[in-house]
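I'd like to ask you about the structure that follows.
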């Protein structure tokens, strides 16, 4: 997993609540899109000035989505407008957070992560998504527009499902659900790469394959570590430890909880698979050494006797058999071939070079 | 374990409760079989129209078994008829669930899995079985007819045991018991394959054996992960956290609980066995290299001295001993044989080639 | 650990409480021995008909020991006589249970296991011992007479210790104590075999030794899995979760608890020992390869230069030094010996062949 | 991690509360710097005599920082002045403590550690920082001046943030925050060294690289062990188990808690990385052996046939083909080249020597 | 860790409370030393007859230390005198106990272990120390006099620290503290041996070093298992689960608790170190093989071409170049040297034999 490594260290010594965007995404502009809806009506707008944002009202749900976190001034204004704690604002901008849920008097602050898999680099990239859930309001913060929430917008516009009829907590649930659903798309991509690696392992094992298996295994474990707290968070929401979700919504959160467990177990299964592949690689190298030594042994055994025979008939004794014989040379050659052939037959019978 | 890998990702972005069958079994027709029984009487029928299903009654237990989940329309009607929550219906159709128990006001929703082992592919296939337990009703959902519950039907018809005299909770227990009992049949098949692999390992170790051991080990671990939550579920039923089981039935659930633990421990034992086999394979390869090098060394040591001797008597010095001797050649040959024989005797005594 | 593998699968589909003996011990006859004792008097009898068994009484403790479980009819009668739950009877006969304690209204049902170690097969055999503890009664069920409880019988007859003066709970404790004490005898036998293997490993490492180490390690881990739940059971008895033990007896149970922990830790220590032996074996093979290659290298380095020298003086140039010299041959030989001797000295100094 | 190994053993047998400085830092002088501040005013002073220290007052916060712990007498006086328990004083001087929090009636005693990474030795050095938090007072004890708290002093002087407006608990929080922030600077340095090692591993694997990987892995694990309790401590502060922190401050402690978890997970990720590197190293050695054997085999296969041919034509038969032929020698040479070339081509085609 | 292996098995079948000393230390005589002290006065005596022991009194603390446990009769008398439960007496004599704390009505029974490290055998020896803590009395039982508690006696006599002013609980704490302090002395000795092994590993790796590393690792893990329960015990004393310690003393117990955790973590760090050493050993052997093969390859490559050249000029063709040339022989020799020298240069440049 790619680490924005200076994220933390560049904040050392600053007072808490200092707003510094630690991500590396500097989109040209901060974009605020607003939905305001009730069962009866819906309003959709792109906000250009913070004054345009209506204040919270009992009769409608307000969803404000913010893309782009690089402008501390705008963020500070938003924080002021919605009375967010400085530490919350700091965490929204500090985009290397672990998933967590923090409860404040008027709102719940949820940090989750959104993952994309870069198959070419065999690397998982991750992005922080911050969700603020108030009584009639949901704020969502992302570094860049990814279109991840578009199906949700469609559902809102089309008034499909329960969304429009329900409170802000159902919208927050829907965002979580969308995020976790997307995890499975990434999981498929990783599984595909696993299969490719497994194929390469069996047909063209090489050092690069080994490194890739290690890379993918590490990515998988980092991913597991990053998703594990989300599981805990959703569980705490299901147990309704905080009062921001209605009883009926917790049934739906339980569904997301199921999916997060399923996802983590799939990762564990992948990790087992990759660990097994490492084992197979190592034993395939040992096997390779074995084969090489075998070839060397066979070559040596085929040529050494023949060389000895030629040496024997190259000795300078006056009295030696065959030397004067007309067929002597050919008899010697035949003898060499016989020995070599006999050994070759022996090896062939024992399937020394073909099998294993 | 075979993964229906697009199960999750094809549901991304859909509102909760959207009914999509994610399994790959499309039996030609949905089959509903109904049992209605009390201690005194029993009625067995195959349902063709949902109108035929009697409504719940205080005086008899209704068991409805549904084979085939591919028709969302029929499933929606069933859901309506028995007032099932949309998320329950969704989970019944989404056949890649982890075992779980969800409690609703009027019924308990149990997801379990049924496993079959394909010895040829060394693969465990799994199927989801959903059980709805109401006060006087049990619904069971499966993807295809497997005959797993036939002994139960027999018992109902023959009025053997407690089934007919007891409530719906005993029927639900009996279904669970049947499912867990079948796990042991699969366990035996896996154990048999383990033994075959162990045999091959000792007599014909090869790369294919290694891969099979890894495969079986991974399957075993996936299986463990899949059964582990069932253990927890049954335990929560035994502790009677939900009110759907009678005190007397929990004694029976405890029996199923014992079996599920026993099963998991047997899997752990199998995993140890397979892990040990991997170790033995690796050391058998090292041993093999050892043996090859030894053969090479022996061959080299047998021929090199002889070759040197032949080289010495092939030098062109004018004054050399033995050259003119009548027996010179034979003396040289004898010397060669003597050295080679001495070395051979040495190796034979040290049991270099036979033992180890 | 030897598994009676069809134990579970042959019960699939049967109603709960079906009595089938799953063990493989069919002793010729079921033997019932009865002790009835109080502080003042004691009666010992071998029961031939169930009618001979006196009914429970306030004034004396009744201990009934049953050897042989193969006759379901007799077992059913015993169950009826002492009002045992069908599931208890089923578990008594199904002799592959995990240790457990089940509480019923009138009695406690304890399952423990008794282990014997077969040193020749390096295999642990286990036998189920079921204990029923009522208010004034103890029933113990075993597959075959092993004499394990004989010292207890002696103590009863001789009125040594507290047994005769105490209630049925002390008798049950004494049975448990006896069983756990015997575990240590087996532990010693396993330790002895470990030491033998360690000895073989260092002096005659072979593939068979490797397999035996693996075997013993797996047996040890299976044993640990089998004893672990006993620890939990005794702990629950110590905490007096069930009301069948008197306060004063829990002190004694705590003693058994200590022993069971001690036993498990000794097993873990053995497992570490065996795991280390596997490591040593693997490195000893690598070492072996190393040694072989070294011998090969030495032989090659001793003979190759000499062979080259002989080849050089075997060339057919007209003008070559030494060829006509009277001492030429001997000078060449001396040169060969010199080179070989120099190299040999070099190796000897570096202790190439002796050490490591 | 460097261990001051005689730290503990030199205190054996002494009564509790005996003041012995176990660290190895003996700065020339003990330095006490004092800050006394309220929202309105601030006083900063270097203390030379303990009498100069003002006593605790309701209207201002007193922060006393002590550098240098080698003088038991001064420490004893400070202890007396602020009524510290002898065991607290002992722990302040015994600078090999694990992080912990101990609650006393009038103050909280916090032990944390400050780490610096010595890249040249690949070693983590650690220093103990003791913090005493009273109602209006904070004492901090360090072995040597490191400038770690300078930004905090700046903030106090400049009256930035909440510090001056808040109580002693916020100051204590700020110290903790500063310490944990610095952990990430060290983490970056370790990560840099990891990357360097990874680079060396792939391009110049050597025994030294292996030892360094092991060293760094061990340091990482020791570090994890040393930071783990800090996480627990901060968590207990967040849960406000002790009454020394105000409700509003626990929000800030939660922020430090997040960072400490993040740090530990990063360490775990590093450990995975290093473990993977060890695997790659081992397989790269096996690969290397493979390559060497391959070269040996190729050389043998190129020269052995040619040597045999030369031997054949060196035999002394009277009747041999080609010997008298004018081109005989060249034909023999060509034949040698042909065989060697054919084999070379074969190897080249199989990419035996270039590719793995 | 040395196991007194027949400790347990020789007690099989005996009634509980049977007094058998299972240790192997039979000192010539049981020695009882008595301290009776209050803040004002102190009495020290060696007891020869049990009648000399004063009975418990409100005004002074009685500490009785017993060396030598081999005489069951004396032990039984002591048990009677102080009303010890038979199981306690049994455990005192059965010197292979795990550390534990058992609470009785009138006293607390603590079992701890005292370890000494035998560097020559790389073996940890352990001895059981039993401590009985009553309201005004402390009994301590050891197998042999080791002088471990001498500093404590000194402190009592000199009236240093709190001991004389405090109750029996502080004396018990002081004994525990003394025991744990001694653990660190042993830890240093083990660390020293680790360092020696590390040194040998890098400079003279051998099979013996490997076995020693394994030995030490196993000892370390056994030690960890043996100390782990002590940590739990002290923790339970700190939490004051039993009423035998005063509130003020628990502060001191917390200090011992810190030390026990520190000790366990140091053991874990040692275990990591030893595990890393095993890895390095294995890879050093592989490296060794690599080097040997390399030497073999180099030798082969240096001599094979020269041998071929000599063979070529040893062929018996009539028409061969150079044979009649006066400088032919020297040209051939030069050619041999050239080829060998070229190859040697090539190897030298690639640093084949020096580096790695």
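Letters A, B, C, D and E name the chains as they come in the text, with residue numbers starting at 1 for each one.
Keep in mind that, in the parts below, contacts are C-beta pairs under 8 Å (C-beta built on N, C-alpha and C of every residue); 3 or more make two chains touch, one makes a residue touch a chain.
Everything numeric in this text was worked out from a predicted model, so none of it was measured.
Graph distance from subunit A to subunit D, where chains that touch are one step apart, equals 1. With steps allowed only between chains in touch, the distance from subunit B over to subunit C comes to 1.
Put simply, subunit A has to spin 145° for its C-alpha atoms to lie on subunit C, with the angle rounded to a multiple of 5. In the contact between subunit C and subunit E, the residue numbers used by both copies make up under half of all numbers at that interface. In terms of their C-alpha centroids, the spacing between subunit D and subunit E amounts to 27 Å. Centre-to-centre spacing of subunit C and subunit D amounts to 43 Å, using the average Cα coordinate of each chain. Multi-chain contact residues, meaning those touching two or more other chains, occur in subunit A at positions 282, 286, 289, 293, 296, 300, 307, 311, 314-316, 320.
In terms of inter-chain touching, the protein chains here make up one closed cycle, each touching precisely two others.
Passing around the ring starting with subunit C, then subunit E, and so on, the chain order reads C, E, D, A, B.
Per the touch definition, subunit C reaches subunit B in the complex via residues 1, 3, 5-6, 8-9, 11-17, 85, 87, 90-91, 96-98, 100, 102, 206-207, 210-211, 214, 217-218, 221-222, 225, 278, 281-282, 285-286, 288-289, 292-293, 295-296, 299-300, 303-304, 306-307, 310-311, 313-316, 320, 322-329, 332-333, 336. Contact residues of subunit B toward subunit C in the complex are 150-152, 155, 160-163, 177-178, 181-182, 184-185, 187-188, 191, 202, 251-252, 254-255, 258-259, 261-262, 265-266, 268-269, 272-273, 276, 279-280, 282-284, 286-287, 289-290, 293-294, 296-297, 300-301, 304-305, 307-308, 311-312, 314-321, 355-356.
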